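Letters A, B, C, D and E name the chains as they come in the text, with residue numbers starting at 1 for each one.
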Amino acid sequence: MLMRCVNVSKSFKVGRRRIEVLKGCSIAVDEGETVVLFGESGCGKTTLGRVLLMLVKPDAGRVFFKDTEITAPTREFRKSVQLIPQNPDEALNPRWRIYDSIAEPLRVHGLAETMNEEFDAVAAIAEKAGLKEEHLHRKPSELSGGELQRAVIARALILEPEFVVCDEPTSMLDVSVQAAIVRMLMDIQKRTGVSYLFITHDLELARAIADRMYVMSGGRVTGELRKEELRELSRESLIRCELPRVSARF
Amino acid sequence: MLKVENLVVRFKSRVGVVRAVDGVNFDVVSGERFVFVGESGSGKTVLAMALVRLLPNNATVTGRVIFDGVDLLKLSEKEMRKVRNCKIAYIPQNQASLNPLMKVGYQCAEPLVEQGLERGRIMRKVSELLEFFGIGHRFKDYPHKLSGGMRQRALLVMGLSREPEMIIADEPTKGLDAVKREQVVEAFQKLGRRTLMVITHDLPFAEKVADRIAVMYCGKIVEISPAREFFDCPLHPYSKGLLESLPERGMNPIKGFQPSLVNLPEGCRFRERCDLSTARCAEEPPLLEVDGSLVRCWLYADEMC
Amino acid sequence: MYVVRRAVQAVITLLGVSLISFSLLYIFPGDPAEFILSIRYGYEPSAEDVARLREELGLNRPLVTQYLDWLSRALRGDFGMSWTEPKAVMPLILERAQASAELFLATFLISIFFAFVLGILSSIYRDRWIDHLTRMFSMLGISIPSFWLGLVLIWIFSVNFHLLPAFGCCGIKHLVLPVLTWSFSFMAIKTRFIRASVIEELSKEYIVTARSKGLAESAVVLRHALRNALIPIVTYLSMSVSHLIVGSIMVEVVFSWEGLGTLLVKSVFERDFPVVQALVFLSGVVMISVNLVVDLLYTVIDPRVKYGE
Amino acid sequence: MKLSRRNFMKYASATTATLLGINLLGCSSRQSTGGVEIGKLSTVVMGYGKDHKLKGGKWGIGFFPKVNTLEKLVEYDLEKDEYKPFLAEKWEVENGGKSITFVLKKGVKFSDGDELTADAVKFTVLWLTANHPLGQETFESADVVDDYTVTIHYKKAEFLNLAKMAEFHMSIMSPSSVSPKGDVKGEWVLPIGTGPLKVADYREGEYAVYEPNVYWYERFGLEPNFEKLVVKFIKDEDTRVMALRSGEVDCLSDYCHGGSDYTPRNQLAPLRQDGYKVFKRGEPLTWVIAFNYTKEPFNNVNARKAVDLAVDRNEVVKIFNSEVYPAETLFIEKAPGIKEAKAQGIVYKPNPDEARRIIKEKGYSNLNVKLIVDKAQGDQILVSQLVQEKLNDVGFNVELEVLESGAYKEKRDSGEYDMRLYYIGGTDRRFYMRLYWRFHPETKWKVYESERTGNLCKKILGEFDESKRRQLLVEFYKAVYEERGVVPLYFDIMTVVTSPKMDMTWDETFKWPNGYEVGEPLFYDV
Amino acid sequence: MVFTGGGIILCILILSCLAPIAGDPCSVNMDERLSPPSFKHPFGTDQLGRDMLSRVLHGGRVSLIVAITISLLSMVVGCFVGAVSGYFGGVVDDVIGRIVDVFMSIPEIVLNIAMVGVFCAVYGVSTFIVIFAVVFTNWVGYARLMRGMVLSLKEREFVLCAKAIGAGEWYILFRHIIPNAAGPLIVLATLNIGNVIMTIASLGFLGLGIQPPIPEWGQILNSGKNYITTAPWISFFPGLFIALSVLGFNILGEGLNAES
């Protein structure tokens, strides 16, 4: 298993009340796999994604990356796992040029020795992400949502991570753009063997891309479906969360 | 019932004049469900708002919008208010369209109050309608207590309550997840045979609701087809691309990026992204009739000849 | 629940304010008793006198005890004796409070009324001449120092034309100039804010909804936009009380209005620190209560703020 | 709590309306309780800078009521340097000056109708001894000889004792002024005296209303031509002038004491021009530059002399629109001994070149000296800036510090200064008092002290013989001049400004009906 | 708007830089006292015959320097406190929040007057005390803004992404949060300088501010107020300049606000 979490719980304080967002969730993602985390809005799937990345510290439960438990994220861990957030308008520093944002991981990890090296790396990943060079020198406000999301993806992938959490990366985008982005993600996966945890509430999309799917509801993982099972499932039963309860495989 | 001729909407902006809607012609027949689809930036919302003249002051609208034989663009503001109130119900996008400080029931009743109906009747009517859409118990709640789907239904009630001749719904499924989208679909199916014009980017939704589909791209209508034909066999390359982008249809993207509205290509606006484009596409293609559909593409001009 | 929490917060803030006002007297080195005596008699007091007064005022006790004592008395409205007048502080303040309140209320009501009218007009007719005029007026109102404006007005209306009295208090005629001066800047601030709030609300989506219902523009603005705009405006109310107090000091000084503002300045000059202390404390109390009331008003105006949440 | 918004709006508007109503009522009711009907011819309204403190204060009641509601045993004539009978018909200095027996005029009545007797004088003396700083240091005791004769025993045997009796602090008041009547430790009620005015109403910080004391007018055979004198306390000097111009007050009077609660001097000319009457009187009140004479560099007479030579008094008075007089001598010419001193050439004259020379010669060039000013004395800020410039011109390097009164006093007392602006002298009858306060070695508010001037001052204040005293005064002036103990700048004035409709004259303002001229303005014939 | 406001401020800045050319603001000339505006003295002269132009321009220097100093000092203090409060949250935030509440609860000018009064009673008025007293109350606005900015920026996705990349806390604070807070901060600072100019002038007018011989607008205005009938120019020009500079900063601030 590349990445897994066991019995993760998390609650947040909202005003005076404590809201339990995750109630003992366990999921796992294998190498080169696209795992979809499906659930309606507010079910805790985003938080679970962030727990896996250790961006949110779980109250209870354990997170393993390559079978070592992660308690505090190390530099290596941060290099190997990445996040593609939902809202491309928010995901880039509005004061930076796209180029700088894409190059940021290199700079943070000190991976590019010279300016040229950096530029080459950025240009390469940008091309893979479908960005033109002119885009690199603009500010986020001058680009469309699809272009921004490409930049975000380029930034996430520039370090060639092994595991990426895609948190509804296309929910704010048009279908034609969504198709392009998802295609691109899939292409990259083919080339690099990266694993995705793809969070979405769009069943059709999930069906189209998933190798495996977890269904979440009310802070719990209520089911796990394999690709074949997913194909067979009727839309209506999914919406009503009438899913076969599958015991965790770990 | 509604006939739109050569509608043009221009916005003055810092970068120049934006033609958000550029020469749109269509008509909606009484009792029909007419759905506009298109991606963001195609001008569909602007078009809808232009019909009921709700655009902000920096927009200029030209052309003719003939409703029941009257050109809406020529009406005085007062007469137009009456049209909005009694004849055409515009249902805006649901995100923040309800006044946060007013109870849902009252907001739904407001147009009827404006019509001068008697209080008891209004109450009865509105609560019946809310009940009909399954949110009767929310009559005295404030909008923030409602979920997105409920809000959309409340907006529908607001539109229906005044018994309009036509309803224009703008992006009724925007920002809703699958479950809530389903609720809205149900609500729309409950509407019965009313003249309905829906603006949406959600193709599955359009499929469930539409009698006829119009596709907009960069301010122009590129295709108007009966719904079944459209989903079975779209005519315009853009329509094809759009449908093929759907996850369930293989997720094949259209190449390239949508051009910005300020800086549109000459001739066919889709030509730079189109695999089938020819030299002729540099000229503006006409709107051609093909088998009961209308399509704006040179491809079909040849067939005609 | 919400009320309780808010009240606890207010009490804590009140304690902080009391600490600041209390320490005003104790931040400087030296012996307050000696200070009091030298102010009261104008010459250096004898050691016995100082010792006696220290005893009398309880200055020998630890600072914490003194503070608690001061606080408990302050909460009962007892701020001790004035240093320069043979009187207790509280009656001294109460005597002046009415004059201030008159000015305050008159200004507040008049400027709020006109601010609403102007603010709404200019937001409806945005970028028309009335809007430009209003904005220019409010810019000037914020920028022109009220003390200067007051002087100019006195010069014009009292000295040159003998139309209105230049100073002193009570009676409608006396109110005119100070209220005019004060309203000018206060109105400017409020107008700007109301305009901005209404414009903000007019750009919201529910306004489109309201228009799509076929409502008249007046109903859209008054029933929908203004009501929503009231929320930030009411929030701003607490700030405006602060603005009002600031204005009151300058205007009262210019027009020799025997109110709390002049009392503060006079006490500072005469080093009547118990009065200064009391005024700082009381202004804090007023602000805290206004804030509290405003927050509670929220629950009435804005259904989104609920008690328990 | 459940409150619908509709109800809330209802309550809110009702509350607001009520509050507004209460306030309007409050306004009108307050106006009527004042009992002041402005505009009636028989009522005269005056603007005044200081509260009259009719309920008592640090120095007893205010100076205005002391002068106008009370009277003194004797009056002082500055020009003749002579003490004249007033409430006392005659007096006898006894016991080497330690006691004075006063014989009172008969038939003098207090404003409440009681007769003035020796008991009242004794009460005054005892009351002052118990309550007043000046009384404490002056009086020993008082003996009633008979109804109209009283002997006052003083702590020291000196001429100053008599001089003090002309001072307004020593004005005679009725035992009924306190409660219980005649109790020196009793509570102060109202000043009841024999003077021309009596108190009718008073509101602290706002106004005092006086009525004519009929007994006084009877005594002088006069008819009062006003019913009420309303004195409004208007702290701000500019506002006072505006009030006069707008007709809200009929006249303005200076506060008769060194300070700044006076009609701005620069307003006098425009007021005159606009038809207002300005009554002005020069006083032996001299504004001076005082030195920190115990500290370098001004412990040296040369440094002080340089300062004296640098400042042109004719320029200083221009600050006051030349309404005040340049001080070439220590006091005004009317003051005793000044003429003689002047004849001996004791005249302060500017000579910047000489000042420069001294500074160069004695090595004071660019010497940093600190000039402190009390902010409360507004005009002095301007004077000090002029002085600063003039001294910088001749080579000093003056640092000017304008201080809040308290800080000023502190710096003054701790000696953290080199120069300061101060005043010596006062209204006529305070002449010797001021000499005592400013030059006597034992007092706190000294302006300058050297063995020579100190001794002379002591001698002057002890000397009952007029001609000897005059001689000593001349010597004293000379000593101060030679030592440049102070640098006189200008003589202050006392003014009363009235609107054209008022019928007042200079004589009625500065003279008693019996012709005695006094320094403080009087208001028996407004 | 930015240009209008900036232009006004620039003019005042240039004029006050040129102040020495206008002559010594303290040089007394009793022969020319109270002369009305003329070619020689464009703004007239004051009670001591000092050139008002020079005094007003030097006053501009004082006002601007003091106001900018105060604003900067408060910004440093406020931003530090606000950033700490927003970034650490929890108890620190609660405590700082209450402190801010306390300061917000006392009208600024009341506390300013009281503090200047108390301090001056002991130490004598000095410019330092005025600066201290105003900073003492003025930092709160910055703290509030900064706290809000940090709180909202902390939740923005690009900060989350930076964390996901592995960027350190300080890196995030300085590279992401502070630059993004800079815009509103500059707007606030601009408006704040205007306010501070007004506060100083108010204190000066009350006689509590900067003392003579340092020329300061409020104090010049105060000293000229009893000449309003005879020599109105003494109070007119300082008043005009206060109004102009406050106006300039307000317009600039509003313009910057509209831009961002």
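By definition in this document, contacts are C-beta pairs under 8 Å (C-beta built on N, C-alpha and C of every residue); 3 or more make two chains touch, one makes a residue touch a chain.
Predicted model only: the values in this text are computed from it and were never measured.
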_From the centre of chain E, which other chain's Cα mean sits the farthest off?_
B
_Looking at chain pairs A-E and D-E, which one is connected by more C-beta pairs in contact?_
D-E
*asked:* Measuring centre to centre with CA averages, how many angstrom lie between chain D and chain E?
replied: 42
*chain A to chain B: how many Å between their CA centres?*
33
*Separation of mean Cα positions, chain C and chain B [Å, integer]*: 52
*If you average the Cα atoms of chain C and of chain E to get two centres, how far apart are those centres in Å?*
21
*Would you please write down the residue numbers of chain C that are in contact with two or more other chains?*
154, 159, 253, 269, 271, 301
*Where chain A touches two or more other chains, by residue*: none
*Give me the residues of chain D that touch two or more other chains.*
404, 406
*Which residues, counting only chain C, touch chain E once they are in their complex?*
9, 12-14, 16-17, 19-20, 24-25, 27-30, 139-140, 142-145, 147-148, 151-152, 154-155, 159, 241-242, 245-246, 249-250, 253, 264-265, 267-269, 271, 273, 276-277, 279-280, 283-284, 287-288, 291
_In the complex, chain D residues that touch chain C_ = 3, 5, 8, 16, 19-20, 23, 26-28, 30-31, 55-58, 133, 204-206, 232, 234-236, 239, 242-243, 245-248, 376, 404-406, 409, 413, 444
_Parts of chain E lying in touch with chain D, wherever the complex brings them together_ = 26-28, 30, 33-34, 47-48, 117, 120-125, 207, 211-213, 223, 225-230
*In the complex formed with chain A, which residues of chain E make contact?*
156-158, 160-168, 171, 176, 179-180
*Along chain E, where are the residues that touch chain C in the complex?*
98-99, 101-102, 104-111, 113-119, 121-123, 194, 198, 201-202, 205-208, 218, 221, 225, 228-229, 232, 235, 239, 242-244, 246-247, 250-251
